[in-house]
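Scroll down for the structure; my scribbles are underneath it.
Per-chain numbering from 1; labels A, B, C, D and E assigned in written order.
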Amino acid sequence: QAVDLQFYFPVAVGGKAAETIQELTDAYVAQNPDVTIDAVYAGSYQDTVAKAITASRGGNPPQLSVILSVDMFTLIDEDLIIPFDDFLTTEEDKKWVDGFYPAFMENSQTGGKTYGIPFQRSTPVLYWNKEAFEAAGLDPDVAPATWAEMVEFGKKLTKKDASGNVTQWGVRIPSSGFPYWLFQGLAIENGATLANAEGNKTHFDDPKVVEALQYLVDLSTKDEVMAPGIIEWGATPKAFFEGQTAMMWTSTGNLTNVRDNAPFKFGVAMLPKKEQRGAPTGGGNFYLFKGASEEQSKAAVKFVQWITAPEQSAKWTIATGYVAPRAETWETETMKAYTADFAPALVARDQLEFAKAELSTYQNQRVTGIFNDALAAAITGKKDAATALKEAQKQADEILAEYR
Amino acid sequence: MRDFTFKRDWIYGWLLLLPALVFLFAFTHIPAVTTFLNSFFSTPRGRRPAKFIGVDNYERMLGDPVFWKVLWNNLWYALGTIPVSVGLAIVMALWVNEKLTGRSFVRMAYFTPTVLPLIAVANIWMFFYTPGFGLVDQITGALFGWPASNYLGNPDTALNAIIVVTIWKEAGFFMIFYLAALQAIPVTLKEAAQIEGAGRWTIFWRITFPLLMPTTLFVCVNAVINSFRLVDHIFILTDGGPDNASALLLFYIYEVAFRFWETAYGATLTVALLVLLSLLAIGQFFFFDRKVHYK
Amino acid sequence: MTGTGFDLDRLLNTLAAWALALLWVLPLAYAVWTAFHPAAFEARFELLAPLTLDNFEKASNAAPFARYFLNTFLLVSLILAGQFFLCTLAAFAFARFEFPGRTFLFTLVLLQLLVMPDILMVENYQTMRLLNLVDTIPAIALPYIASGFGIFLLRQTFMTIPRELDEAARVEGASFLGVLWKVYIPLAKPTYLAYGLVSVSHHWNNFLWPLIVTNSVDTRPVTVGLSIFSAIDSGVEWSVINAATLMTSGPLLIAFLLFQRQFVQSFMRAGIK
Amino acid sequence: MKADAFPANSGKPIQLETVSRLWGETTAVDALSIDIPAGSFTALLGPSGCGKSTTLRMIAGLESVSSGRILIGGEDVTGRPSSKRDLSMVFQSYALFPHLSVAENIIFGLKVRRVARGDRDQRLKKVADLLGLSQLLDRKPGQLSGGQQQRVALGRAIIGEKPICLMDEPLSNLDAKLRHEMRVEIRALQQQLGFTMVYVTHDQVEAITMADQVVLLNKGRLEQAAPPRELYEKPANPFTARFIGTPPMNLFPANAFKKLSTAPDFQLGVRPEAIHPHDGGPLVADIRTVEYLGADILADCVVAGTSFQVRLPTAKPVAPGERIELGFEPDALHVFDADSGRRRDDLVAEFGTLLRS
Amino acid sequence: MKADAFPANSGKPIQLETVSRLWGETTAVDALSIDIPAGSFTALLGPSGCGKSTTLRMIAGLESVSSGRILIGGEDVTGRPSSKRDLSMVFQSYALFPHLSVAENIIFGLKVRRVARGDRDQRLKKVADLLGLSQLLDRKPGQLSGGQQQRVALGRAIIGEKPICLMDEPLSNLDAKLRHEMRVEIRALQQQLGFTMVYVTHDQVEAITMADQVVLLNKGRLEQAAPPRELYEKPANPFTARFIGTPPMNLFPANAFKKLSTAPDFQLGVRPEAIHPHDGGPLVADIRTVEYLGADILADCVVAGTSFQVRLPTAKPVAPGERIELGFEPDALHVFDADSGRRRDDLVAEFGTLLRS
């Protein structure tokens, strides 16, 4: 009697991802005749969480799903997920959990329990156009290492045409959709934490956060090295390829895309530092859903262990550009061959050392929504940084008070 | 005797309606009533079941600045989309109804927005609006030497940019209805007006336009409803931003209900939306129906 | 009208109509451009840019589009058949029968125009589960079958049909269903055509509800396949998205192109002299 | 006459019992009682807007009855739908189905009643021949002239061989020649097949030549119901007197003539065709205008200050401005009460003699 | 006549020069040339589907001309839109604007031409009085009977006082009384205002009584264009002979009579009203049916194996089955070439004498 599993997964990096997951699942099922896995493509991250919650409320939850790591508190709050700990009883299992990069585990554990297993995780990095650097008289192999350098380089890289219209910007930090994510990089670099580990308190009005936001705003208003207004996330790689910007901040998930499409030499670097290096993590974890039988949950955990194992994980990373979440994966031959051929892939891993948890709280979408609005208001000049963040903090406090 | 005929009419009427009503009730009205009831409860979360909280949700709504913002946005959006798309639809229908060189192409062109999926189209429009290398900037740059403009990333233009997409999407759709209505107007009426010395304009304003009134009413009701309901492209183009500058009521409801999972508050906003729409659409319908049907 | 000589008015109208048409077709034109060129030409419009079919290949590899097409086709047919059936009956009742509660029931129907089915997703999912229909094509279709829009539209059309035709058929012995079938439906053909087209294109493009209520390749429509390309972390690849768009809405566009002659002719034929 | 190819069929009588029909305030039909014998040809005649169409539609069951009863074949059918009344009808506006060809329009009813295909085709052929539609069977109504359309409507009504046939001005768009032919054909068909015909017309010639019984309506009320000859020869009231006969009867107050100035309460009438030139006749007429009608001349003249119309033979040409002397037979005079409008046959002889003296 | 309130206006002549109109395969109008003098009243007459409406619509500029030219007031207007032809028209289907009230319908053209309000209202009042529409001015066309609708259409056409007025069977839905009145009114109006009238009708009585010139069409071709009296008394061909006059002229091959068996190539005609009872007359008739027409009796009889119609006075009652003897005046005979259909006046005397011998 085979155990039936249903497994929702989102796709956020182009067509290959779905195919790879399907391949991996099929391979697993072939090896383990006692399980059948129905891997269901569930749209974007937003769609997936909507689908999972709708299905759960409709009494038909999946047993396993990949959902944003930041949705952990929400899922706990909705009482939809169960911790992995009950099924990770052996020492070996415990060691397995410890094998994930701690930066990724920050978003996966709370109250001493492990709710999420990192899977399709990423982190933002800085890409730069070596040819543009050269043209501006900069060393093409050196990326800005500090905030000040980034402004300085940026000024050199910003080009205008005869009529004064900018044809190439220095840097591009996209701010559409989820501006908090890249901004969080700035905040961490400035030594700030946006939310506590319990997910019930934010620090939006921390002066360091204000300072970070001011820096971001100044990039376009004062220093004029970045285009004004909200910068579209989706069009950013294209803008980079088109020479609209000489540097861009975006996810490592873009590595493959940039490698395939950039018509010039480019470099990848860690985000520049202020007080310290820093970057948020991002992406999705595995969650175990309530309502599954003991057997199903066990089988699900086994599958998660298998798919995050080095061979599979390597395959996944190479196919998608996501950061392999376990150190041992990087030691495999496959990965070594890959990184040897394409060194920039290592930057993200190396940056993990400085990475912090992505902003995540109870009622996460709502709280980050408020934060996003504040950032947008500041970026578009509707409010000054301090006011915007102060108001956001007040609203967030109102929401989170009940979780303290 | 009269009663007898009437009773038979009743039974026929009800029987004919029955199947449609079953579906309407099962998938629209009963869920809608549940939604309405939910608006008086708190959002159930995990181990905390919903509890009755009276009109707290409504109070929260009235005090919610985002609610007021999206409401105003929506009003502006309605004002921006309805007259232009309806007007364009009439003009398009008139053109396409005439003998026009390349009429098939023109008709197809007007109709394409209806056929293309909004998800894909939104991405195309995103390209059009992209600062710098986007099509709009390429064109305005080449023609007028304008600098790059961030249409979607600027709170002052984001909603207008979305309005343009909506007009593009809707005008061709409404055109179909006008086309059908134009074909139904007896040719002799236009001939009679011609004989009376009326030119194209007079015929349009005095004959065609009034005779299109029932269609206009229908289209306007739809346009009003759509102005509250066409939000798919916003997800891709601006995601409601910057700072809710392009968020509409329904978009906000989605956000509250399917991102924040505050279903009770979502239900409250839905009730507000429904009340608003009913006032607008049904009011419009019953008010004008009498005036518009000349037979 | 024999317009001999130069007709400025007509010329201006034609020019304006064409200008608008070109504007309107721009997104489609852009989709075609990018779909057949390498990604590098997404924002560069050079006449001699190399042509390629890679984008289509990439797009079609991303999902089992053939199966999705079949599903969409089944879905759209089911919805259309259901809508035609239910809406015709209801519209006929509203247009030509007097019965108590007519105005009230019609208001209820109009209300359906206002209620977006997507908002009621959670409730409807529960209903589907109750009916044990989750992950089936009917589950996608059912909430849309009783369409307020269709009822309203057909009612309007039915009301414009001269009563004498109805009466003549009744005198000839046709029952009320006979009258409906033999007089009203054929005369409302243009409306059915227009409504059918609108409904097909709407449901062909519907996304969220199908995504949520289905789980398997055997039931999912093309839009779910299409959505793989949108809202992605790694930046928008217009060339692939547009190739996919053309692939998925191609049949619809072609159907419209083929249909449009019939479409217009049937309008003409229904014109009552 | 090809109509003998159709089998005989027996008509049914129709009774209207104080039938009324209100449209809001206006009374279109006012307590109308009519008896239409089985197999008879009854014409509903009257001026525009008098309620003819409404009456016919109530018989057809297309209009509800505000009060009163309608009986067909002795059965009360007041509440019965038209499809169950087993009758056929030709509409004033044709009511052809624009989406069906001529042939399909004609056999519509047969199809509804599932008449076998062979039978149907055979009957179609006969009807099409009869009405001269054989060449047009495949056309759509929109492609026909007005007259052709009306013939299709006629075909649809007669192909069913129902016991009752209702027609609402079926010939009004036909040309005179075809109209005359159709008049004869319809009448012959009706007599042959024996169905009951109720025929609405505003054309008194049609009513008089075709009908067994003419029902003359005015403002929703019955003016007179009688065979044509009686209607013409003994109109019950001045309305009927003026309505029947072209040109209409000359009516004048009795006291227009000095000889009759003692009788102010009566209205007198003489038909234009009853007056003839008669040297030394009692009427001295000044001719005002002359209208040429082909076979006759219609002269408009003034007698004793009253306008008169006189039909004269073409053979005797008269010109405007002339003065002629006219006479009439004594029994050609009609006398009506001025107040009640009732016919007073008893006084004809007396007034006739007085006038001619 | 209240028409004298309108100022006089002068009509314009219309010429059609070999005008044709094709509908795909069918030729609706075939190389038609007509001359319509300024201020004349011309009736287009012909059987259903003969192309009357099409011809009228070409004059109005509503139908394009396949070949040929149309001149109005001497100017070539073939390519000119109707709004520039300065004429008015009454449509067969009324073509009333359903969304406008009766008053608004009537003054539509005045409004288009921005006639001052006071003038407009005054004219409206006059027209409404004339047509008996004063009570209905606020109604919508949908609330009127067919006849009332037609009167509104008439009102719309005459209020504009255009030099040309086209009418397409404007009276076909009016009752006989009203129709007769309207006939006189329209004619009087036309004469008073002096506009050129082109009037389509299928009713020869209308054409003959109203028109200065009757244009008789058949299958899109001109049969004869002449004043009514000439048309009646000297029909140019057998078609005209049968079409004009009710009942139609009796036509028979010359050789139906033994006396004329030497002349097989001719067709002869006698009008029913030209035949009268004449003991010992040349025609011996067996009466088949008798139709009562009020003033006369129409007898269908057989003479020498040929069907004949005869109009007899009511005073002399005849019954089916009787045999009577009939005669006619020598000049009442019409002779046509059997092949070409041409009228042969030269032979009338000869055949008349032979036949009556």
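Here is the rule we use: contacts are C-beta pairs under 8 Å (C-beta built on N, C-alpha and C of every residue); 3 or more make two chains touch, one makes a residue touch a chain.
Since the model is a prediction, treat every value here as computed from it, not as a measurement.
Between chain A and chain D, the least number of touching-chain steps is 2.
The chains touching chain A as well as chain C are B.
By number of C-beta pairs in contact, chains B-C lead all other pairings.
If each chain is reduced to the centroid of its CA atoms, chain B and chain D end up 57 Å from each other. Averaging C-alpha coordinates per chain places the centre of chain D 22 Å away from that of chain E. Inter-chain spacing, taken between the CA centroids of chain A and chain E, is 90 Å.
For chain A, the set of residues touching two or more other chains reads 46, 50, 234-235, 238, 242. Touching of two or more other chains is recorded for residues 61-62, 81 of chain E. Multi-chain contact residues of chain C, defined as those touching 2 or more other chains: 42-43, 121-122, 227, 230-231, 236, 238, 270-272.
Of all the residues in chain A, the ones that touch chain B in their complex are 46, 50, 53, 74, 76-80, 163-166, 175-177, 227-232, 234-235, 238-239, 242, 244, 363, 365-366, 369, 372-374, 376-377, 379-380, 382. Taken together, the chain B residues at the contact with chain A in this complex read 45-47, 123, 126-127, 130-134, 141, 145-148, 150, 152-155, 158, 238-239, 241-245, 255, 258-262. By the touch criterion given at the top, residues 162, 164-165, 167-175, 178, 182-183, 186-187, 189, 269-273 of chain C touch chain D in their complex.
Chain D meets chain E in the complex at residues 46-49, 53, 92-93, 144-148, 169, 172-180, 202-205, 208-209, 228-229, 232, 242-248, 271, 273, 291-296, 311.
Chain contact summary for the complex, chain A toward chain C: residues 6, 11-16, 18-19, 38, 40-44, 46-47, 50-51, 54-55, 57-60, 122, 233-238, 241-242, 250-251, 253-254, 256-257, 261, 263, 321.
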